[in-house]
Amino acid sequence: MLRLSPSDGGALVDCPTLDVGIGGAELNVAIAASRMGMASQWLTRLPDSVLGDRFLTHCRAHGVEPIVATGPERVGTYFIEIGAEPRGVTVTYDRADSAFCFATPEHFDIPRILAGASAVFSSGITLTLGDGPRELVQAIYAPGRRRYFEINHRSKLASIDEMKDWLEPLLANIDVLFASPHDLRDILGLGDDPVPAAEKALANFGLEYVVIPHRVGRVGGVGTNSIRIIGEGVDAYSECEGRIVDPIGAGDAGAGVLIASLEQGLDPQQAADYAARASAWVQTHSGDSAKFRRDEITSADRRRVRR
Amino acid sequence: MLRLSPSDGGALVDCPTLDVGIGGAELNVAIAASRMGMASQWLTRLPDSVLGDRFLTHCRAHGVEPIVATGPERVGTYFIEIGAEPRGVTVTYDRADSAFCFATPEHFDIPRILAGASAVFSSGITLTLGDGPRELVQAIYAPGRRRYFEINHRSKLASIDEMKDWLEPLLANIDVLFASPHDLRDILGLGDDPVPAAEKALANFGLEYVVIPHRVGRVGGVGTNSIRIIGEGVDAYSECEGRIVDPIGAGDAGAGVLIASLEQGLDPQQAADYAARASAWVQTHSGDSAKFRRDEITSADRRRVRR
Amino acid sequence: MLRLSPSDGGALVDCPTLDVGIGGAELNVAIAASRMGMASQWLTRLPDSVLGDRFLTHCRAHGVEPIVATGPERVGTYFIEIGAEPRGVTVTYDRADSAFCFATPEHFDIPRILAGASAVFSSGITLTLGDGPRELVQAIYAPGRRRYFEINHRSKLASIDEMKDWLEPLLANIDVLFASPHDLRDILGLGDDPVPAAEKALANFGLEYVVIPHRVGRVGGVGTNSIRIIGEGVDAYSECEGRIVDPIGAGDAGAGVLIASLEQGLDPQQAADYAARASAWVQTHSGDSAKFRRDEITSADRRRVRR
Amino acid sequence: MLRLSPSDGGALVDCPTLDVGIGGAELNVAIAASRMGMASQWLTRLPDSVLGDRFLTHCRAHGVEPIVATGPERVGTYFIEIGAEPRGVTVTYDRADSAFCFATPEHFDIPRILAGASAVFSSGITLTLGDGPRELVQAIYAPGRRRYFEINHRSKLASIDEMKDWLEPLLANIDVLFASPHDLRDILGLGDDPVPAAEKALANFGLEYVVIPHRVGRVGGVGTNSIRIIGEGVDAYSECEGRIVDPIGAGDAGAGVLIASLEQGLDPQQAADYAARASAWVQTHSGDSAKFRRDEITSADRRRVRR
Amino acid sequence: MLRLSPSDGGALVDCPTLDVGIGGAELNVAIAASRMGMASQWLTRLPDSVLGDRFLTHCRAHGVEPIVATGPERVGTYFIEIGAEPRGVTVTYDRADSAFCFATPEHFDIPRILAGASAVFSSGITLTLGDGPRELVQAIYAPGRRRYFEINHRSKLASIDEMKDWLEPLLANIDVLFASPHDLRDILGLGDDPVPAAEKALANFGLEYVVIPHRVGRVGGVGTNSIRIIGEGVDAYSECEGRIVDPIGAGDAGAGVLIASLEQGLDPQQAADYAARASAWVQTHSGDSAKFRRDEITSADRRRVRR
Amino acid sequence: MLRLSPSDGGALVDCPTLDVGIGGAELNVAIAASRMGMASQWLTRLPDSVLGDRFLTHCRAHGVEPIVATGPERVGTYFIEIGAEPRGVTVTYDRADSAFCFATPEHFDIPRILAGASAVFSSGITLTLGDGPRELVQAIYAPGRRRYFEINHRSKLASIDEMKDWLEPLLANIDVLFASPHDLRDILGLGDDPVPAAEKALANFGLEYVVIPHRVGRVGGVGTNSIRIIGEGVDAYSECEGRIVDPIGAGDAGAGVLIASLEQGLDPQQAADYAARASAWVQTHSGDSAKFRRDEITSADRRRVRR
């Protein structure tokens, strides 16, 4: 989506200029993975217009190769006001009838795309966008590579029952499931306690890992970003403190770094460490997209001024 | 509509910030009339959201009282890139399914609105937005006040035949018709020569005046904005040269100033002089909305530096 | 007053640009009340110039109807540098001989203004501006509507004795008195302990309510904004934490929201809750004027990201 | 004066930020002379405040040594809107009762200041500011160095008769008089034709040179800046074309460069060439103060891109 | 090179912010070709640092694939001040010892790079950077694809004799030579008249085409960009007028579009038409890099406002 | 050095504009001393170019007189990204072969410079720049005035052994030594405990004072800046809390204020109090250079809003 936010940190009601960016969960994940050195692609549907071009420009600039089906429809847009407490952050979506809502598997050469991929990722947000996007996700989650999925339930976009319905046929095709404590309890119905819930999910759905991301803290203050990876004999936990300038994209950055780390053969603890740090890092600057260099996540240098 | 344009004069493909404004023909006309000292109102339909609030804020700031029907739909948006030659100016509309497209006469207390009005104004752009807006225009053009209408045909929004169809039932209810040379020839079918065409229109449709606005010139260069008012024994012509920074809103400013001038009892020549100057004035700054003070249009002081 | 502050958060000594706004206690209060849905007016005196127009534009944009006496004098101006600790916030006034200093009751049609008003508000700052403004306040505080007044003593503008002298003739005409702990102790001489002091004020001056606003915290940090309303059998207290970006206007926003809440028939506890939250909310963004929507104050949704 | 202008090229009525600069004829002249390599000083009176400090900072940054008398009064301010035709440029002064209006010769150690000076400069604008400033000019124009003076009559600040009265006692103490065609005709009463008028002035007032600056052209377009120096056997004329971004300060830059050139021993033709070029150069950028390097005025390299 | 220019159009001596971009002849050419739909690569040497990353980001954003040798040295930088007449445009280079100066053929897998290329392009600027870059150019200009070269002699970087020496061994390996009238006369010694000179070059060096680009006009004004292609029986000429905002990159955009057009099989006249238009188009906005869409160059729609 | 940092607080990889400033330890110290009212000079070597001019402009603006040797080389540059935790602050130097690296004592009239100076200051950073700068420091540290020196060891610029070697011949010529706990332990080899280490240094090197500055805290949070002055019978300690916006220049501001305070005859405790406050103050705004007024450091007014 086109992301528009008041440049002065003020309010949409009277700000003179808007910062323009590009955002969206899957793209954010791909960018973070790319910054960790993993070749990444992003499937989407966009108009052949100057606004569509902006998506391509952004995507390529951050090292992700776009795979684009072209359609005549509009681009999705969201407006975001970022305020400290008690104001908080407010997202106003204007994404109805965007081009991607009309994407279907037929728009893409799926076998060729999958042939070169060691991993795929999608999220519950895509499931809310329509039949076409849901079929596209289903088509992409074919066996033969590690399949990551984040539930990412948002009450504005889908009810708990809808999300359950859409998720069910997919669960057998997932290898690594990202589920927040809310997702584990309310969408999967596995109880209040995240770790036992994750272990149940592991067993029930034949997963390789369940990843539990969790973030607390408010804009302007210090927050903690944590990642827990639960697997067969695996319980890797890491957390990272950081100041919150813009909370959007933190979870996606963590997911992208976790995926890249595992795919590069790092062990779950290392992956969790890097993911937690990346998640906190991205909250320190504006914009959905990760801006770190790989060594800013992996280096042990923690001086306050590096010079 | 929400108006978004690259703050740096560059391109949507990579500009970092967008200037935010509010635009649209009828509102621009109302604002220009208000700046000339005429009490003005603007009928619209908007969501009850922070984006809807921005319209109210802008409208009131410029002295126009909004009359708003509230609906759940989105706000119309347009993106504009402003370039000098050979680049030119490109508008990308994203206004489908905006709240105003769903406006109908039932949303407003039309008799009360008309009771306090000495004049009404609408344009052909509104006719393209749907059945509801067309019915609303029809309802507003009741006898009892001077009814101004600008054809403003735009090929991207309607074909010539559509515009003819929509315009026809309205023509008997118009007192002052704004028609460009293109409108006179192609929509009204009155021939290539604007003045005889306008005289024919005057007679055919029982109009008080036909106003022929005309603008030439390119961004960065000097252009000429002219206004001709044709009426029974009236042929008032005025033109004003000016440098073009942003060409959008010039015609609307001219229309608003012309209306205010006539309603304030000025003669057509005076109205044409002020309208031509206002039209050129608004091209010297960014944004759809007129920013002049009344005395900047009416004063005879033409020094290059007033100090 | 015209409010000018370094856009980069730096210092007046070398900042390249200044943010421009409009500020002043009474206007800020009117704007906050308007944002809560209360029709509001603002009495002032301004030059008929582009700078005077800016005040009108700002005032109307925020939903407040200006009632303006026109005078040839300058507009008041203040410069503000906003810094975190140990720097702090510094206001440099340049308001001597501004047009409002010459306002008198004769400039306004007071009976007509009062006829439509359910409440009036002014503050001790206005009392420091001259004989004319003091007479104007006196004229406005006629019986027949709820009369709110905030002492708001500032040592740079008036001594304690001056403020006592000016306040005395007014006290009998006040219904709801805003008095900080400092005002209660030093201006009203009612002792160190705010609640007993407020109760004494209630009795001594025949007030309906005494409101004690209190704010602590520094720019960049978290502060607490509290409101206590003391009345006959009423002791309503509320506080709200928030991060402080710009502390100016917080008290005014609280006052405006409190007034609107009481005038809309809410009970004192509700009014205090909303006022405390509004006061904290306004500190999270730049500028004197409140930018919230009513539902951002009244809603119970406290998620850090609303999407 | 503090100079405040809309950063976006728009209007004071709604611009979000103002560019801040420092301007004023005498300081502008001193800065231009300094940029040509001439040691320069500027006499003024300023408050001991952060706003006063800004003047010192600006002055020193541009290589001019401020000689400051400190007073408690405000700093002079002017607002400027710069528009292309037909909008034009509008200056709104807010300089009444500024500190310099209260300057008198007693505030300065005039003999010491004059001891180190090879030239002095003031202008008719200073004569309009009050008795103190007029006495200060009189005190500075003591024999012993070349005394330059620019009439610079502005109708908003003084009538023709006032200017005549104030100028008369000074004329005997001037060596080089800058007088526009308007000044020669209306203030000095020497007729419509500038060259004969200048020759009469030369004889009547025992001047070394009369300098006639003249500028034509409008913002956004190309203008011509000309300088003519008339002296005993001297008629040096030069003109330079240039595009006009901001017309303020052009005359002052020409005067400063002309003074520096003559004081550095260049002949009048060279001085006129440099002055005309500097005058046009300064119009190409925002702000009163010259920003050129000496070699940008004196170099013969006229390529459109120097690389 | 990193390109840094005053954001406010002012001067390096006191501008508060710099616009940051990436520039350089070969990259600009590759970007323009890419915008025309031609897959493009750019060979360079960069440090593995955040500044090096910026080059990659920029390059990919504009659709060009970077082929990078990594070195420990700095990135080249240039500062540019863009002024209208008489100020003009001044480039200050700070590129000594940049990483690319140390590039050699051994850093790249040249056979593989050439295998996929239908065309290569370099320029005389690269020849001035050192032995390594010169060897790299020589290595790239192997037979098997169309080899384009632009002389682009700049007196600040090399003398005429140096350029002759460096160019000589390369001439036999060039198919299409871009040479300005200056290059034809002074570097190739073929006389004052460009067309006969180009015809001689065609014969002498066995070229397919000689391209003569020529640009006139100054910042703020209207200029003319022309392209002439001379070949065996070919004399294709085109010119395009346009307003000049930033003249840098215009020649490169023309070259890139010309190359893409020829490689896409268009005839020389079409290529010249597109190249002249692209060259003028790029001058209308800031920055070295072309921002047009293909259809903005090829479309016949020349309306001043496209809506 | 030219200091370049992303204006939006983001990252060099894609920020659209850079804030431009001038930084460097010795200049920062001189500016802070100047702001405390001490006449200050700065010795440097710069190119005679517009970039060199920027240094002079900055230096003079802040009240420091530059003493400049002119050389043809480049200006030193550094890029700085300022992020909150876990991102932190990263400095990327690009200062190799800058003009100052080639400075030698012969470039300056050292006796005349020293004649007017009551104190000198340099730092270990200068020692790392080459033989010439080291000789220059040696030449300046002649007896006859109080000689301040800050070790300021930075591991990126010199090893511990190099710093020891360069420092050794200088130690006998220092009167007041600034040494961080790290410098005391690793460079001077005086142990882990700063106070005993400082006392040993005092005795070993015949110093008047050892100053131990210390700063903790991260960007966005609250930090503590402390200063301890150890002398014969002197142990003055002060600390000041403050929020950290930009940590660069804090130590330099403390040093400059401490020097000015001692030279103005204040006692060490007062000097430490002012230095600690100044150090914290400068961290509240962007840029290396102190922006405070003297009274903002010395005043006892600690209200959060001074109005």
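A few remarks follow.
Going by the order they are written in, the chains are A, B, C, D, E and F; count residues from 1 in each one.
Throughout what follows, a residue touches a chain if its C-beta (ideal position, glycine included) is under 8 Å from a C-beta of that chain, and two chains touch if they have at least 3 such contacts.
Since the model is a prediction, treat every value here as computed from it, not as a measurement.
With respect to chain F, maximal separation of chain centres occurs for B (centres as means of Cα atoms). Note that among the pairs A-B, B-C or B-D, B-D reproduces the B-E interface, with over half of its contact pairs the same by residue number.
Centre-to-centre, using mean CA coordinates, chain C is 44 Å away from chain F. Inter-chain centre distance (chain A to chain D, centres taken as mean C-alpha positions): 61 Å. Shown for chain D are the residues that touch two or more other chains, namely 8, 11, 13-14, 16-17, 19, 50, 53, 57, 61, 90, 293. Residues of chain A that touch chain C in their complex: 8-11, 13-14, 83-91, 93, 154, 156, 217-221, 247-248.
In the complex of the two chains, the chain B residues touching chain A come out as 4, 7, 11-20, 49-51, 53-54, 57, 74-75, 77, 79, 81, 90, 92, 94, 96-97.
Against chain C, in their complex, chain B makes its touches with residues 50, 53, 56-58, 60-63, 293. Chain B makes touch with chain D in their complex at residues 19, 61, 222, 240-243, 245, 277, 280-281, 284-287, 291-293, 296, 302-307.
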